[in-house]
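Two complexes, one shared chain (chain A), two partners (chain B, chain C).
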Partner chain A sequence: MSQVFMHIFILLLVPPLLLGVIGKTKALFGGRKGPPLLQPYYDLIRLFQKGTVFSTTTTWVFRAGPVVGLATTLLAGMLIPFGGHGAPVSFAGDMILFAYLFALGRFFTASAALDTGSAFEGMGAAREVTFSCLAEPALFFCFLVLAKLSASLSLTTMLSGTCPLGTGVEAPALVLVAASLFVILLVENSRIPFDDPNTHLELTMIHEVMVLDHSGPALGLIQYGAAMKLFVMGSVLLRVVAPFAAPSAWADWGLFILGMLALAVVIGVVESAMARFRMVFVPTFLVAACLLSAFGVILLLR
Partner chain B sequence: MNMILIALVTLFCGGVLALVFNRSSRWATILGAGSAVVGCLVGLWPAFQGLLGGGVYSFRMPWAVPGGEFYIRLDALSGFFLIPVFGLSALASVFGGNYLLAYRDRKRLGASWFFFNFFVASMALVVVARQAVLFMVAWEIMSLAAFFLVTFEHEKKDVRVAGWIYLIASHLGAAFLLAMFLLLGRASGSLDFDTFPVPGSIAGAVIFLLALIGFGTKAGLVPLHVWLPEAHPAAPSHVSALMSGVMIKLGLYGLLRVLIFLGPPAAWWGPMLVVIGFSGAVLGISFALCQRDLKRALAYSSIENMGLIVLALGLGIWGLTGHHPIVAALGFSGAFLHIWNHSLMKSLMFLGAGSVMHGAGGRDMERLGGLMKRMPHTGGAIVLGAVAISALPPLNGFVSEWLIYMALLYGGLEFSGGGSVVMLLGVGVLALVGAMALLCFVRWVGIVLLGEPRSEEARHAHESSRWMTLPLAVLAGLCVLTALFPGVLVTSFAGVINEVFGFSLEPLQQAMTDSSALTVLSGVNAVIWALLGLVALFSIRARRRGGVAEDSTWSCGYLAPLSSMQYTGQSFSEMMVSRLFLRSFRPKMRVVATQAVFPVAGKMTTSYPDTVSRVVYQPMFTWLAGHFARMRWLQQGKIQFYMLYFVVVLLFAFAWQVVRHWLHYE
Partner chain C sequence: MISILKWLPIHNGVRYPQAEIPCLDGEVFRSSLIDAVADEAHVSAFFGRLSDAGDGVELVAVVACRDDGNFRVARTRITGESFPSLTSACPQVHLFEREIAEQFGLRPEGHPWLKPVRFVKSLRPGHDAWGRAENEPPQIGVTDFYRVEGEEVHEVAVGPVHAGIIEPGHFRFQCHGEQVFHLEISLGYQHRGVERMLRGGPDKRTLHVIETLAGDTTIGHTVAYCRVLEGLSACKVPSQAQGLRGVAQELERLANHTGDLGALAGDIGFLPTSAYCGRLRGDFLNMTAILCGNRFGRGLVRPGGVAYDVDAADLADLLQRMDNTLRDVTNAVNLLWDSPSVMSRFEDTGRVTKETAMEIGLVGPAARASGMECDIRHDFPYGIYRFSQIPVSTGQTGDVFERAYVRWLEIQRSGEFVREQLKMLTGGAIRNVPEPAAPNSFVVSLVEGWRGEICHVGMTDAAGRFATYKVVDPSFHNWMGLSMSMRNQQISDFPLCNKSFGLSYCGHDL
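Right after this comes the complex of A and B.
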């Protein structure tokens, strides 16, 4: 039971730290001092205390957008094993639920964007749902590889480290999956080189442009949800790349958090070292991710 | 217990009475819709009994039609389809009673109710008929009544064209069914369903293909779907709801009934149905997400969902012939659950579309918008329906889609060789279909209900009356309940699945107790609702604390945002349609460029013709028409020539008789 509480505790508290680490890494690369590591937390607290401005055009769908986005991410986070510990919710086929929970969040985030009646947000919504048509199959192919390797359909077993990267015949398939997952992680969480979470008025934006009109606590929910989504999807990637388990439970939690922070550093390095692609390349990369993971599936057929 | 007969008689009598009181729209509506509701409610009880295997009820009566007998019998399969027939028809008639009153100044409503009641009664009769002649008669009444219902607004040209296409398609389909029944009855010399022997493998294959074409036309299976996106939007909305929610399912009923006659399935049926199902799902949703007409988008989504059902059915049969009971159990339970789910969701969406058209006066997406504020109840029900039909948790569409995914996954892991490849790739295709459905319905909801109104009619839209929003609320509630208790439903389908395929759901229940997945799923759905509530509560409290102000939408510094600056339906799906689709699926665009020196108004038209119809049927029918045109000299338009034809035919008949007798006595 205490493991479940620990899981929820980490899921609720650690995600914004990832954003802090990414920011710090980018600042170091840019030769700046950068905001403090805990800046995302300060931002969230400030946002939750602010007032809200609603557009007169909007309805309850607009208010539901951030709520659904956060709630679905929370539950998705309960399906992923953190470190060597099993996930609190686990059953055969939970990977489908995992993907569809994010889809539910997307449905409401995109609908909320259309609810404002603004051309910008409509554009973001259109891009988000279009790109997800390519990201979704890629994610499922990744899960298929993991399912085939672990002969199981539940995420806890699939990510339990029965097939560590770099050993045995399945290594090539896992490398493909890891590459594909990394692309999906960056696209779905609107990171450079596919999107930029820090700009607001550029035409290459996907996710950020959808949330232009949210303010105050609603914006706080969105940013919190976005951090959590990065954390949850990152933990899937981490378990594929480095499915290590430490001898004691507490060391295991620590190892997991350290792994996540390392992942954040990697993302920060990628963001510092690369420029954003033109948006027409986003579908190309998603198709590539799809093909990579599909090849992974083919490698495992015999 | 002949409550089925009472229900049928009530429906027939109500229909006739509505026609008698044709002069008064009020009385025609009260009698027509009232008797439909009463008849349906009476019929629901035996339908449930039939599904649960409670009372097998049969009734026989001699009938003067040659080769015919009035023989009806209710079993689990009939009950399974009878429940949506009666349940949804009752809701649709409540809705339609109010919906049609808007036409009272222009139309006599008696005829429409007459056909509506006959439509419902004939659908029920199709499901319980146990004799081929009776079945075909009921099938024809159903098709014809639907034709007259579709052509309700026959003064419009596109409605007439739609009705015409539907009539031709359903009769071509019926021709295949006649051939099929003759083949089935040939061995025993009787057209009684009980006497059909299990045919040999070649005859079985022919019968299966005939049934697939004949019933597939009704079910809207690709490539036989072309009538569906024409006819469903043209009909009044309560009729489209029944056509999409129930009538096309009866094509599946027919297919399942024939599968009972055919005995154990052949190995190639499963893969074939899987391929047909996948192509239906992909093509259906690809066309759905670019339609401008909101009901046409729904009609294409029906094609997608019928594809999913056939896919699940194919997976079940494949699992059965491949001796993988878990795949079979998951496939079958997914198929049957999705039949009910789709009936609920699609009726909800079509009735919602009807309410939108009633309130805002049009079905062109680009002239709607901002209706959520003006029609809150309709809007809320539609959002729920859209989430359900995009197969998202925590609603019912997700549960059946999850079962289909699981069938594919187990198949992919356990099958060997080609089957495994098809299933593993199928998982990716299904994910693509799901994401496209999400695009389609975000667009549907976002353009029609949200944002600012795009026309004066939409600006002055009003909420529909309680008689129209009540059926929406009932359907929405059923969608939520189905998602919370899927295990109960799947267990109640065990009898049907056993009856059709001689297969018990036992392996599924075993697999489920390993992971107790359906129970977990209903728990998960409940947890999602709870989490949504919790986060919403948190968000509301935080909002209260900080205070709320209202202002216009921030348009990046632009001070006078217009409703025409919003994204339109076409621009929303533009990227998907014109960048990611194959060339033959892209829209046809015609731009009339301006040649003048000074700027004048240009013109651009975009159309989304159905690729199958454009590539296959149009050339085929043009070719046929060209050849038939050569027979035109027969039509001289003078009465003398036609008299001559009569005489020639009579002479031939005499001559034939003479020759026959002569041969006989020789």
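Right after this comes the complex of A and C.
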């Protein structure tokens, strides 16, 4: 039972730290000191203390967007094993629920954006939906490879480390899956080179432009949910790349968090070293991610 | 080309009696202007003024003929309420004609897109090109916009309030999905009435108004203005002052080009260059502060020379800083050209062909990037540039990459120039206070600011006061270039194209 509490505790508290690490890494590459590691927490506290302004043209859909977005992410986080510990909720086929919980969250975020009637937000919603419908098959091909390797349809077993990277015939397939998952991680969490979470240029935004009209606690929920989404998807990637287990349960939690922070550093390095892709090329990269994971499936079918 | 011979050839910054400006018949004026532009001349200024007799409006045009290094000027008197538009035969005057229509209530007949420029009232009460009532002041931005009709065409309106800290401007995109068919830009939000304030000058305020015409081009505009005054009073500027003005102008160019390259990198999320160039821009500004105590060069350039001299310690300090900063800029900027992800964004984005650039009369780095060899420092040299030449940096493709790369070439050349000039400053007088301006005269002064050609025209009355003072900021020529560069581009590339032009709103709105 304590492991379940630990899981929830980490899921609720650690995600903003990832953003802090990414920010610090980028600042170091830019020759700056950068904001403190805990800045994302301060931002969230600040936002939750603010009032909210709702446009008179919006309906309940607009208010539901941030709440549903956070709730679905939270639920998805309960389906994923953190480190060597099993997920609190686990059943055969939970990977499909996992994928469509995010889809539900996205549906509500996009609907909330359309609800404002703003040209920008409609544009952002169109982009988000286009890109995620290309990212979805890639994710399912990845799950297919993992399911085949572990002969299971439950995420806990699929990510339990029964198929360590770098050994045996399944290694090439797993390398392809890891690459594909990394692309999905960057796209779904609007990171450079696919999107720029820090830009102020409305016309270039994908995810950020959809939430332009949210303010105060609602915006806080969205940012908190975004950090959590990064954390949850990152932990899937981490389990594929480094399915190690430490001897004791507590050391295992520590190892897991260290692994997640290392992943944040990697994302920070990628963001520092690359410029954003031209938006017309984003679908090309997503199709490439699909092909990578599809090849992974083919490799296992031999 | 024969007909242009009727125009008065003039030199950059030299005084001529106003009576010498030939007053041409409307048709001759029109055909000679069209002929000259067809022969690759550039319209530097085209403006109206109330005629001295007070009975009508006269239109004055200043044309830059690069082939023989002369400007030519002529005027024509308009008696009615309209005149035949030149725009369809000579597109680069389109905005000048809109400005004339707005300011004097004269209708350019046949203008394809006659709209207000800054949404101000006509200078002649009772005359309005759009027939608006006298008691209804124009509402800024309230006008018809170009629309593309169609089932899947949608309109995106951006501004005048933007998400970033930039000046206000309104942009209307006609889009088909992510593709832009047409962009229309509507400005005027920064209009302060500069030309009206300058009339009746020079007085104590004039210099301060000029220094803030466009805050990032303080040196450029102030040099242009001081050269008008020096021309009007035939004042000689000491060589030390010329050298210091040259250094200040190039430092302004260095600071802004460096800042723009950093901003271009920032727009595509390329952090290293963005972060370093932001800091290095400040280093160049600090060098300007060593010259005069102000980072943007306010208070440095004064009629007849400059206000502050440098001593040997300053020079050594400046040279040292110059070496360090240029080294850092080289490292930061070369990262751009060495990163495939950056080049894939820059290349082939926002292309403006040389033909289009010449047609709409682009100036400055944007024009040079499209392959036009135009640079006032080279074509119509003034001040220190008569003695120390700077090569013209041009590109070919006219895309975002080329506009960025031309800036980089100019950074290198300006850096060399500043180092050379700092070593040649030998001391001596820095200022000859000019006499009062000559009456009934005029001076055309052109300066190559960092954005391009800055044109100031001063015309004095019988008392030696400015009867007309015309300012043409390079942005006035170049905003149309941004519109053209967005044709058939992705709307998500707009910020990048916008930054690659780096235009001023207040310089346009005045």
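Convention: the second predicted complex is superposed on the first by the 300 of 302 C-alpha atoms of A that agree within 3 Å, B and C clash if a C-alpha of one lies under 4 Å from a C-alpha of the other, contacts with A are read in each partner's own complex, and residues count from 1 in each chain.
Simple rule for what comes next: contacts are C-beta pairs under 8 Å (C-beta built on N, C-alpha and C of every residue); 3 or more make two chains touch, one makes a residue touch a chain.
Just so it is clear, the structure is predicted and the values come from calculations on it, not from any experiment.
The wider contact with chain A, measured as residues touched, comes from B rather than the other of chain B and chain C.
In the superposed model, A:G30 makes contact with chain C only, not with chain B. By the touch criterion stated above, A:T52 is placed in contact with chain B alone, chain C being left untouched. Within the superposed three-chain model, A:A125 lies in touch with chain B and out of touch with chain C [touch as defined at top]. In the overlay built on the shared chain, the residue A:R276 is in contact with chain C alone; chain B does not reach it.
In the superposition on chain A, contact is made by A:D196 with chain C only, not with chain B.
Once chain A of one complex is fitted onto chain A of the other, the partner contacts of A:P172 are absent, as it touches neither chain B nor chain C. Across the two superposed structures, the residue set of chain A contacted by chain B and also by chain C is 119-120, 123, 127, 201, 212.
Listing the residues of chain C that touch chain A in their complex gives 154-158, 162-164, 178, 265, 267-272, 274-276, 279, 339, 341-342, 344-345, 349, 490-495. Within the complex formed with chain B, the residues of chain A that make contact are 48-61, 63-64, 66-68, 70-72, 74-75, 89, 91-93, 96-97, 99-101, 103-104, 106-107, 110-111, 113-120, 122-123, 125-127, 129-130, 132-137, 139-141, 144, 147-148, 151, 153-154, 201, 212-213, 216-218, 220-221, 283, 290, 294, 297, 301.
Listing the residues of chain A that touch chain C in their complex gives 26, 29-32, 119-120, 123, 127, 192-193, 196, 198-204, 212, 271-281. Per the touch definition, chain B reaches chain A in the complex via residues 369-370, 372-373, 376, 379, 383, 386-387, 390-393, 398, 402, 405-406, 409-410, 412-413, 420-421, 424-425, 427-432, 434-436, 438-439, 441-443, 445-447, 449-452, 511, 514-517, 520-521, 524, 527-528, 531-532, 534-536, 539, 542-543, 545-556, 561, 563, 565-567, 571-576, 579-580.
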